Structures are given as C-alpha cells and as structure tokens.
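Take a look at the structures listed below.
Common to both upcoming complexes is chain A, partnered first by chain B, then by chain C.
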Partner chain A sequence: MKPLLPSLALAFAMAATAPALAQQSGGTLNMVVQPEPPGLVVGIWQNAPTQMVAGDIFESLLRYDTDLQPMPSLAHDWSISEDGLTYTFHLHEGVKWHDGEDFTAHDVVYSVDVFLRETHPRLRASLVHVDSIEAPDDHTVVFTLNQPFGPFIGVFEVGTMPILPRHIYEGTDYANNPMNATPIGTGPFRFNAWRQGSYIHLVRNEDYYLEGRPFVDEVYYHVIPDAASRAVAFETGVVDVLPGGSVEYFDIERIMALPNTCITDAGWEYFGPLSWLWLNNHEGPMADVNARRAVMHALDREFMRDALWAGRGEVATSPLSSSTRFFDDDLPSIAYDPDLAREYLEASDYDGQTLNLLPLPYGETWQRAAEVTRQNLMDVGFNVNLVATDVAGWNQRVSDWDFDLAFTFLYQYGDPALGVARTYVESNIAQGSPWNNVAGYRNPELDAMWEASAVSPSDAERQEIYSELQRRLIEDVPNAWLHELGFPTIYRCNIHDLVTTGIGLNDGTRDAWIEQ
Partner chain B sequence: MARFILARLVKAVFILLAILVLNFSLIHAAPGDPASVMAGEAGATDEQFLEDLRRRFGLDQPFHVQLWIYIKGAVQLDLGYSYRRGMPVADLIWDRLPATLLLTATAFVISIVFGVIAGVAAAARQGRWSDSIISALALLFYATPLFWVALMAALLFSVVLGWLPGFGYETVGANYTGFARALDIGRHLVLPATTLGLFFTAIYVRMTRASMLEVSRLDFVKTARAKGLSPGVIQRRHILRNALLPVITLAGLQAGQIVGGAVLTETVFAWPGIGRLMFEAISQRDYNVLLGVFFVSAAMVLLFNLITDIVYVIVDPRIRITE
Partner chain C sequence: MSRSPLALAWRRFAQNRGAVVGLAILLVVVLVAVLGPTLMPQSPWRMVGRPFLPPLTDAALPLGTDAVGRDVLTGLVHGARVSLLVGLVSTLVALLIGVPVGALAGYFGGWVDDALMRFTEFFQTIPSFALAIVLLAIFQPSLFWIILTIAIVSWPPVARLVRGEVLSLRTREYIEAAILSGQTSLQIIIRQVLPNALPPIIVLASLMVATAILLESSLSFLGLGDPNVMSWGYMIGAARTVLRTAWWLSFIPGIAILLTVLALNLIGEGLNDALNPRLQRREE
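Now for the complex of A and B:
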C-alpha cells in the first residue's frame, strides 16, 4: 500500500471536498473483526462481530440513512396505511440466493414469522405488535399490526430482521443445521472460507441484483486477538480498515499520524451507543435519589471524553442518544458540578459505606474510565471500591444485581421504544440478564407514559411524551449517564463509500470501492 | 523397562481422571456460564433465549449429571462439543495442533541449542567479559515479561524496520503453495518462536553454565586432565555430559508445555494455535474446549515426564530403573 497523500490534513481536506469520483471495480478489502464470531448466520447469533460479517452475506428489507430515514434494500418500495396498521413491502425481482434459488416473499414470511420469532429476542419484543405477516404474491409482503406502533418502521435492519433462506432452514434444527458453516444469503458477498483463528474470506457475488455492485472482488476479515497487534496490523498495511473499537483509544493518535489514513464517527446513528453507570436502585446507598444525584454531578465526563476517549463521542445530556429519534436538546443540566454533588450528598442518607464499582471488562480504556470515576466520586466524599471481573463475571454480577455502581453501554436502535424503554420500565425488572432494567428503577407513572408513547399514532404526540420522560428521568437519575460513545472507523483514504448508512459497517460493504 | 513404562502408564490414567474431575469442578465454580456470555455479547436477551441456550448446551442438567456425561465421554476420547463454535472439541484441537506444535517445537529447539551452547561458552570463559555479557543477557531475558518482549519485537522488526511480519500464521490471500508457503510461514514464525524461546534460552544458559562449573571442579575431571586429554574432549565428554542432567530435567518441563504453554505469545502474535483457543475459551466460558485443552496438556506433561525419565537412563549410566 503506497501512501497516496503526504499529509493527514490534506487527506481530510480531500475526503471532505472530493468530487464524485467514478467508482472503480476490483481490489481486496482487508478488515478486522473482533472477537472471532461464534457463527455467521445472523438470526442464530446476534453478537456484534457476527453482525458485522453477516452484513455482507445477508440482507434485510430496508436500510437506514444517517438520519434514520428508511432506504431500499431487498424492498425497493414500501407504504404504511393511514391507520398505521398495514405495512406493505414490494420486493426486488430477480434476486437469487447464493446457491441459485430464487428469493421470494415466502422467504421473508418464513424468516420473520417462524425463524426469528423463535431465535431473536429483540425482534420478538417488536413482533408482539404484529397480527399477521403474509405474502399475497412472490414479491409482496404485508405486515398487519394489532395496534399502531410507530417504531415498527425502524426494525427492518439486517441485524434486527435478517432475511434467511427458507429452503435451507424450514423444518430443521436451526442451531445445528450443517449449512450454518457455509451461510447462504442474498447479499453482495458470498461466503468462501473461514480459517478458524485467522480469517474469514468472502468473495464478490457475481449474480448480485444491483448491476455493477459490489465493487471490490473480495473481503477478508482478519481475526487478531490483541488490540496492540491490531494497531500493528494497520501500521504494517496488512489490514486497511479498523472498525470501531478495534484499537485502544490512546493508539488512535499514533495511527492517525500515518499517511493516507482517514477516520469517521459515522455509521453508528442507528445504534446510538450510550454508556452509563447502573446505580443499584434496589438496595444500598444508591436507592436514595439524592445520593444518585450526587453521583451524576460528581462525574467529570468532559475530562473522560477528552483524556480517555480521545475526544471521540459526546457527553450525554439525556437518557436518549442525540441520534435517537425524539431526543430533546432542551433539558435540565446534568453537568459536572462537584459542589452541587456535595450538597446532594449532604442531603442524602449516605454515611460512608464503601460502594462497589464494576468496570466494564472490555479493555484498557474502560478500566481507566473506572479509575477516573472512582477518583471523581471520592473527591465529593464517597468511598469506592473497584471490583475486578472478566466478561462472564461482569455478566453474572450485573444480572444478579450484585453491585452499587456498574459500567455498561447499550444500543438504542433509533427509537426510544426499541432501545431505551427497556432500561426503565418496571415490567423489565428480572434477575438473570444484564440488559434489562438492571438498576431496578420503578415508576408506575412513567411506565404508563412509555406504553402510551410507543403506540401513539402521531410523531408530535410521541415527541411530547418523550420530552417529558427525559425530564422526569433526569430528575430521578435512575442511572448516571456518561457518553454518547464514538466508535470511529479508521481506514485508508483511498477506500471510498465504506460507511454510507446509519448502520455503518454492519450494513455490509456493498458500496465500498478502492481507488487504485 | 517395559514393566516400568506400563506401570507408569497405568498410573497416568488415574492421574488424568483425577485432573479431569478437578478441572471440571474448578471451571464450573467460576462465575458466569457460556449462555450468559453469549447473551451478553448480543446486547439483548430474554428468559427464553437463555433457556434455549442452556438447554442446547446441556447446562440445565444438575452438576453431577454434567460431570458424569463428561467423564463418560472423555474415557472414550470424546471431548464433547464447543458451545460457541458448534464443532467437536477434538476437531478444534486437532485443527489448531499443527500451528502450536510448529511454534513450541521451534522455540524448544532454539532455546536448547542456543541455551546450551551459550552456557558452555560462558562456563569455559568464566570471569572474562564474554562470560559477563552472556550472563547479563540471560538474566535480562529471564526477568523480562514475555508479552512486553513480544510487543516490542513486533513494533521494532515489523513496524519500524519492516523486516518480518508482526503477526499471523501466513500471508492471508497470497495463496502460496509448496516451498513458497513454507518460506512464508517460516517468516511469520521467526518473531513468535524467538520470543517464546528467549525465556527458556535464558534458563538453559544459566543452568548449563552453573552445572558445567560445578562438574569441572570434580575429581574425575582432574583425573582426565592428568591423563593428558585435550581440553575440548574434557569439556564435551567429561564435563558436558555430566552437566546435562539438570538441563534434561528442565527440557522435560518445557516439553510438557509444548501444547498449552504459548498462550501469551499466540495471543499477541495472532498465532492460530491451542494456547489462544484456551485463552478465548476461558473468557467465553466454553467449558468443553477448556477441559479438552487441559486434558491434552495434562496428557502431554505426563508423557514427557515419562520420556524424561527414560532419557536420564540413556544419558547417565549411573541411573537405573528399580523394578
């Protein structure tokens, strides 16, 4: 790989002002995937690395742009009835599965109504609003809802509703289907090989229904377990794309000093990853609202963002990520204010108990964030103990509510009804999962509002309720919100159109092309 | 001799069984299970999802039933399935074994050859500057953490100098065959094998040097000198051969680690071997894979202990097997 441009500044300027260059075909895309996925059939596996590789192999009915507006994918056209109950999708004709079979509306009905209903917990939660899914002909799918559910138009993304081949899975034991080893999708790339522990190799789907696409000939996903070695892989030119989270944040500056290196925060709008501290509302010192407020104002989140997250991302101002629909930018402040924090602490019942703080065991940056948090909390008068765990231990402790404060981050999936309500409603309190209302926040009044807003027919009404919800949550501080995380993708500047949607690399690389 | 080996093998089987039970209990005592880790990675889950996973993995069974099923399988050499990778554990290990053997065997040979030669050289020049340099280097490598050496080696030889690939087993996508492929793998092997070998080289140097010096003061060496033998012959035939016993003990230990002893090196250099498989299995609570690797490693340790004992007999005629 020869450096194309002498300086980084110039590279940025070029990327920003580049005229529409003619897309060039050919070349190989070398990316990192971390950790190694357990399998590639998204639907059976929902892990982040599975989603990233599977986005090249499988497709869904829609994609979403960076403003979360739906874009065509397997469906070229769609409509929603006036009453918000009927969603009709018109599918591309001439689409084939990688094994040559025709893709039809019956695959869609099977995937959603049978397969995913059984395997996909997140979609299952949305499907309770669906009465029936039908295929009136081979290229039309009609979803009928039992009541209006505004967020529904946001669930047709490939990680949420991937379309799987009925002819391969119907009547089989999905998890043990031998075809899982050689996944068959409709996507721009076909599965070619998976050398366990080394790489996954995809090749161009020559029969892809969009003429000329994809542009690159093959994609390699390299499996490199150590973060420092992933940085070395980019520095030595072995890989050309480092997806968000591949390298530690303190390495970003060094990598960005390399020639022909670009970085973008785009491609995460649909997920809106937001980090926070779970505060144990069930019992202990954090059950007291004033103690929680003290925590919220004690945290110097600007400093964390600048010093730990390499200036990437934003300090959270709401329980909603700013890219999530119905985010309100006019809310009471939850900014750093140690004096205010001390006042709240004074007003609380806290009398010096040691708080157990669980860091997120996802690498060095998170560990440091926990250390800063501990320091911040001790500065206003809390006693804090850091609890060391690994991923499985963290899962267990959070699931069992065995903490006072615990780091986490969650995706919001574009709509508060899909990705935010689950964290705060009482019906979602249950031991055994680290992803439900772990904090144990109970507020029946707000529960009614969450319910009403999800099925409210107009966006204006929804906005009103969600603004009120955001204000009320900030008052109660059930959790201490930290950052809208930036997961920058680092890549060679001569790779164009790598991230084109609000789903980013998880949406596959069908539009990417390499300038030779 | 045959009876000795047979008796040792029978003992080994019982030790292995005990190791199995112990490992199984220890692993299940760690917090979390594979289902919760997998659900955790998905970022969303519900009761049904977790139950499905646990049922599929057989984790809904009581502990003693799981243990019994595992032992029953293991004595028939069936190591079970990887929860996460959906493959038989034996296949996974078999698949990763060549890479690990190549790495650890190379490191083994490097460390023995260089360690013994440098140790002999240092002993022969005792007190001179070349002895000091060898001893100082040996101490340095003995004391330096392996992962740090690995990272620095990758940074220097791969990023800065660009001489050698910094990670991986071969050039992905190059599709070399035959000799070109062997050469490519060889180039990838240099850094990890050297890194892994450094620590043991340092130990061999120190061990050989000390042992050589000790033996060289013994009476029979004086006798050999008095007979008028040349210094070279005395060094090789009289001193070295007698000084090698502790080195063989150590080599037996290192050889025992040949399957599972390269966790750090394989992780830093993305070497697709068994050490990494084990490391990932720990964090993913992939019990069967972990137990499988432990099982194979334990078997190797037992095997190499036996081999070491036999080698003693061959090298040192004073040692006899008591029947």
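Now for the complex of A and C:
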C-alpha cells in the first residue's frame, strides 16, 4: 500500500499545477492524414484530407469557436451593417506570404471573386447573394450583398473560403500551376516536403504575424493506408494524433486504455455530420408516409450508437444536427418504439414487398449498422434485402434512385441554409448526383419556407421558420435520421490546445503546444 | 465368397481409419445443416444479448455473441447449411461443365480436343481465386452467383482429368466392339466410357467440395459474400477486425471450417483407396 500515497500526492500536485502551465515552444507533432490527399491547395481540391493539411498552410478571414461564433483569423475585426447587406473586414497588417510577398486585401478579392468563384461550387452557391467584393485599401475588404443572407457570416472558414496568393495564381491555369506542388499560404506552417505514400512535412513559419505562434517546430502528416496499422502506429508512438475517422470505432476502447491518451469529440461542430437513411419517396413502399414513419420508429439507434459507434456521437432528434444553428430541442419524438412502428406499418399500404437496403461502403462499422437496421426493420414486419455494393456502386445506385433505403451522411456547415435545405428542396431533385435531394421529397409549402428563412434579416425570424420546418419534416419523415456522428480525435494528453475551434484540426495546429 | 464391387469398396474404405473419422464428422455436419435450422428457428441475424459476450459465460448463449450481440451458435448452425450447400451445388455444376468437356475432348481427339483444351487452359492460366473475385465484382454477390462463380473457376481440373481417363479408355477393345456393334458416339461415351472413368471423378469431387467451402469462406472473408446469408466465412470476415479483442469470434467458425474441410479430405483419400483399381488388383 505504501507506494500509493506518494503517487496520489503527485497526482494531486500535477492536477493543481496543470492549469497554470505556460505554453511551451518546440517539439514535433506527428499526425495521421487519411487517405493521402490529391493535392494541398484547398480551393483546387476540396477533399477532407486536403482540408486538414491545408489548414496549417492557408487561412481564411475568420475562425469559429465551438458555438460557431466568429473569431479573428486574417481579419482582426469585422462589422455587418444594420440592413445586413454590407460586411466589412479589417485585415491584419504585416502579414506575409510564405515566399516573402506582402499579403493584402487584393489577395482576398482575387481569391473569392476570381479563383474560388471558378473552382469552389459550394462557395459559389453562397456568392450568388453577393453583389460586389471590393478592397478600398490594402487592409480592408467589403462584401456587398444583393439581399440579406443570414448564413453569409458562416462562410469565412478556411475550407470554404481559403485565401490564396494572387501573385502566384493570377492568369494561370490553376489546376496545372507548378506551384501547386509547393503551396504558398499565410498560415502558421510552411510546406517543406511531401514523400508520396509516406508523409507530408511542414515547418514553423518564423514570420507568422501572431507573436510566439505557432508553438511546435514542425508537423508531420503520416500517410498510413490501413486503419489497423494507424492504430498500431499510435500504440507504438510513431504518431501522436489520430484525427477523427482514422481508426475504426471498435479499436477506440483498446487505444484509450493506453497511458497518456486523451480523446475529444470537439472540432466537428461546424460540419455537424449527420447520418440518415435515404427513403425513396419517388416510388415503391417508401413513398407512403406511414411506411416511412414505421421505419423511423423501428430503428434502435441508441443500440447502434453504443454497440457500433463506441458510444460516440448522439442519436439524432431532428433533421438538423444539434451543433447547427437554429436546431430546436423541443420537437416531436422520433425515438425507438417498435410497437408504434408496427401500428404505422399496419396503417400503411405496405404488403410485404422486399425493400432494398444500401449500406454505406465505408468499412465494417457501416456494414454492421446496415445489418442491425435490417434486423430492426424485419422485427416490425418489413422484408429487407441487403444490397452488396462498393463505393462506385453506391454512388451509381443512389444517383439513379435505385434503392428503397440507403445509408448516407452529410455535413451541415453550421447553418441550415448551407447544409440542410439542399437535402429537402424540390429544386435540388436531379438524377445523377448522390448528394442532392436523392429521396425525392417534394413539398412546395416547405420550399417557400426554406427560401424565406435564408434571406430573413433577423435571427429571431429565422429561428421561428426553422423550428416550424423541423416539426414539419419530422411529421413527413422524408428520411430516417440516424446519428450525429462523433469523429473523436485521439491524442497524447501532453499535447495541449490541439482542437480549439468548431472546425477542429482542419483549422490547423496554430495553437497546439507540447508539454515536455 | 464373392462380393459385389460396392461392398468390396466399402470394406476397403472402412479399413482406412482416417476416412471413417472423416465420414463421422461429415455426418454430424450434415445432420446439423439439415436439422439445425429447425431446432434453432431463430434468425442468426437477430440481436439476442449484449455484444462481445465470451463463450461459456451464459447458458442460453453457450458460444457467446458477436460484435452486435448475435448468437454465435445460431450463426454456426445456420452457416453449416450455407457452406455445405455452396460446396455441393458448386461442385455439381463444375462437374456438369467439366465432365462433358473432358469426355468430348478425350473421345474425339483432333481439333475438338485442341479447341476444348485451349479453352480450358484459358481458364487455368488465371489464378482461380483472382478470377472468382473479378467475376463476383461483375455479378451481384448473391448466393446464386457465388455458387456459379465457384463452379466456373473449379471445372478445368475436372475436364483435364476426364479427358485423360477417356483417352486411355478409348483405345480399349470393348470400346472398339461397341463401335462395331453400331452404337452412336454419345451412347458409347455415356454407357461405356464414363462409368469406367467414374472412380477418379468421385475422388476429385469430394476434394472439390472442400475447396469450394474454403473458396466461399475466403470470398465472404473479403466481404464478397451474400450479405443476406449467414455463412462461416462471413462470421470470420466480420470478426477479423475485432481479432485482438474477441478472438473467439474468428476461432469458432474457423474450427468449423477446418473440421469440415479436413473430413472431406479424409473421405477423399479413403475413396481413392477404395476405388483405385490398381490397389484393388494388388489386394486380390
């Protein structure tokens, strides 16, 4: 028993001193990037792994905290006019590109108005509300909108609006610019080397405009193609950070048993990943609202969360993720209730047809989720056939509406007008893409509400409309909502301030420091 | 004392202790496959307990549960039927392709032989497992296509074996007598040649059943199985990712496959001893 006391005392002493620790400089951050990105210039590539590495090299005007409130980044100050039409940003002075050139407001205008307008479809959709983008001086940018567009304050994020160097890209063929291989940004880290199939190496930007930052000397993004190998890499100390999604959920418990290992679900609030089952509203048994309600209440989503997603994330209670703005927590229940499901099924036209269920081909966890879903549905009286498919097959079947139920998950980008409306409005029904209103839900009344809510000038008005929209959608169950997915970041506990924003690791490791 | 050839063969088979053990194991597996689903009518996909229950901890779930709480014993019992079905049917289909091809090639010789054997070699040059993966990527991985795929990749050895047998039988005097008596080629092949080529085919077929079960398991392991059918290969495939935390989920169906395949091999060897005409002569 003797050794226990000193170690306890030590633990208390450490706990007491922990908050007082000052940020320490130095050290190397070893992270995992999965899969290997096709390129690092975010804006040309929008893939998730590109966004993660690029967050260290590039910046946008703002960052967002975990409540999605804007914070300074390249802009230290900003204001929105009373009528909601003019957004003015004041930029940091003395900011330099990694090649030594001065960063100015003209880079911002060029990036948004010329470069991203051409390369970035998601930002382009928001830019239709913008009349003009101007730089009255070198350190001020003014966006003028043609009508109020509430979600606009949410687009100044590095994956959505990265600021790129005009002196390198102006007048060139962006995709084939040789400088894409050695990206130049304003961020806290400079690109150093990329060994294909092995690692991407970034080094500290000595001229960074925030005094003392970044704290670590270099960052390695290791490319390790297999989930089990990534878990082993963490166990053996090759990497110290496993970003969300890099290991399988069933490995989390084992990894968390290692000493000095911490985990956080934070850093995904901006994306608000929500999973659901597309229900084919076009035709077949799922065109019947009562059959859809039966599906919704047949699913034991709590069990799936606990058994398959290692208890991470939340069971969805709304078409909106709870981290998305205007989420309403006072909605009719869509909880697991097999008896209610049977009642709805009884009231529906369903008479034993076999439903084709399309799993998401993203690994074992999703396959098990499909198996549990099939069993849940069969328990209340549906006949379900699990369709075996790969990524290409999933894309094609979903794009062609060739399913009765299909798994998917999508990001919500903080605002329902940016990431939710697209799933439910009739104007977004078009065969050929797996990302639009694939279910084919049509409701002109709700379409008008989506439109009105996006351009309402006040947040109070928007909240009112979105609350009503959430209630109406739950009544119609166009899709069966599953989970607010948790993509936990696993890291060594002596790495501090790794995830500080609602964008998480995609915002770069500017603030991270390693306790020696 | 004179005995029928069948009784003689059985006596020689029974003398091979390994073959008898194999037969006993196979009988148990067949019994489980036939009666099991009636005794355990519960769907093997139903979640019945807490996930990752180790074996021998709950009397109601003696072999424990898998990653989502499904009963391993129920899965094993239902999987037996699928594995045997795939093994038997795909072997039967492979025989239906391979025997005629080999018989025609061997009997007629000449350009027929050349054409059929080049066609057979075309299949033989591609590694059978790789070909099976490609075929299943093209077809839907449903039980029907899996059986057909396994048949397609396993018939060439049958064709070659039958051709060889027929080639040697073809020059026998009783065949020439049959030709002279005016029988058609088809009649001769079916009535005279094939019955005499049967013993090695039976031996090969018993081994092919074992190979087919292994092939189905390997395909399911890779996720190319029928997702609506519980098979032993599926159970191992689903368990391999949790091998470090729940080894028994791979181990138990693995043992089932091992025993079944071993039994079939032992039987094949016993049949070889029993039916081999040369051994027969040596004894008499």
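Everything that follows uses one rule, which is that the second predicted complex is superposed on the first by the 497 of 516 C-alpha atoms of A that agree within 3 Å, B and C clash if a C-alpha of one lies under 4 Å from a C-alpha of the other, contacts with A are read in each partner's own complex, and residues count from 1 in each chain.
FYI, a contact is a pair of C-beta atoms (placed from the backbone, for glycine too) under 8 Å apart; a residue touches a chain by one contact, two chains touch by 3 or more.
The structure displayed is predicted, hence computed values, not measured ones.
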item	value
Touched chain A residues, chain B compared with chain C	B
First (chain B), second (chain C), both or neither touched by A:375	second
First, second, both or neither for A:113, with chain B first and chain C second	neither
Which superposed partner A:196 touches (first chain B, second chain C, both, neither)	first
Touching partner for A:125 - first (chain B), second (chain C), both, neither	first
First (chain B), second (chain C), both or neither touched by A:248	second
First (chain B), second (chain C), both or neither touched by A:217	neither
Which superposed partner A:476 touches (first chain B, second chain C, both, neither)	neither
Which of chain B and chain C A:233 touches, first, second, both or neither	first
First, second, both or neither for A:176, with chain B first and chain C second	first
Set of chain A residues, in rising order, touched by both chain B and chain C	228, 390
Residues of chain C touching chain A in the complex	43, 45-47, 51, 67-69, 137, 140-142, 223-228, 238, 241-242, 244-245
Touching residues on chain B, where the partner in the complex is chain A	30-33, 36-50, 52, 56, 84-86, 92, 95-96, 99, 151, 154-155, 158-159, 162, 165-169, 172-173, 267-270, 272-273, 276-277, 279-280, 282-285
List of chain A residues in touch with chain C within their complex	228, 248, 250, 253-254, 303, 307-308, 359, 364, 367-368, 370-372, 374-375, 378-379, 385-388, 390
Touching residues (chain side chain A, partner chain B) in the complex	28, 30, 35-36, 38-39, 45-48, 119, 121-122, 124-125, 175-176, 180, 195-199, 201, 218, 220, 222-226, 228-229, 232-233, 235-236, 238, 389-397, 399, 410-411, 422, 430, 432-435
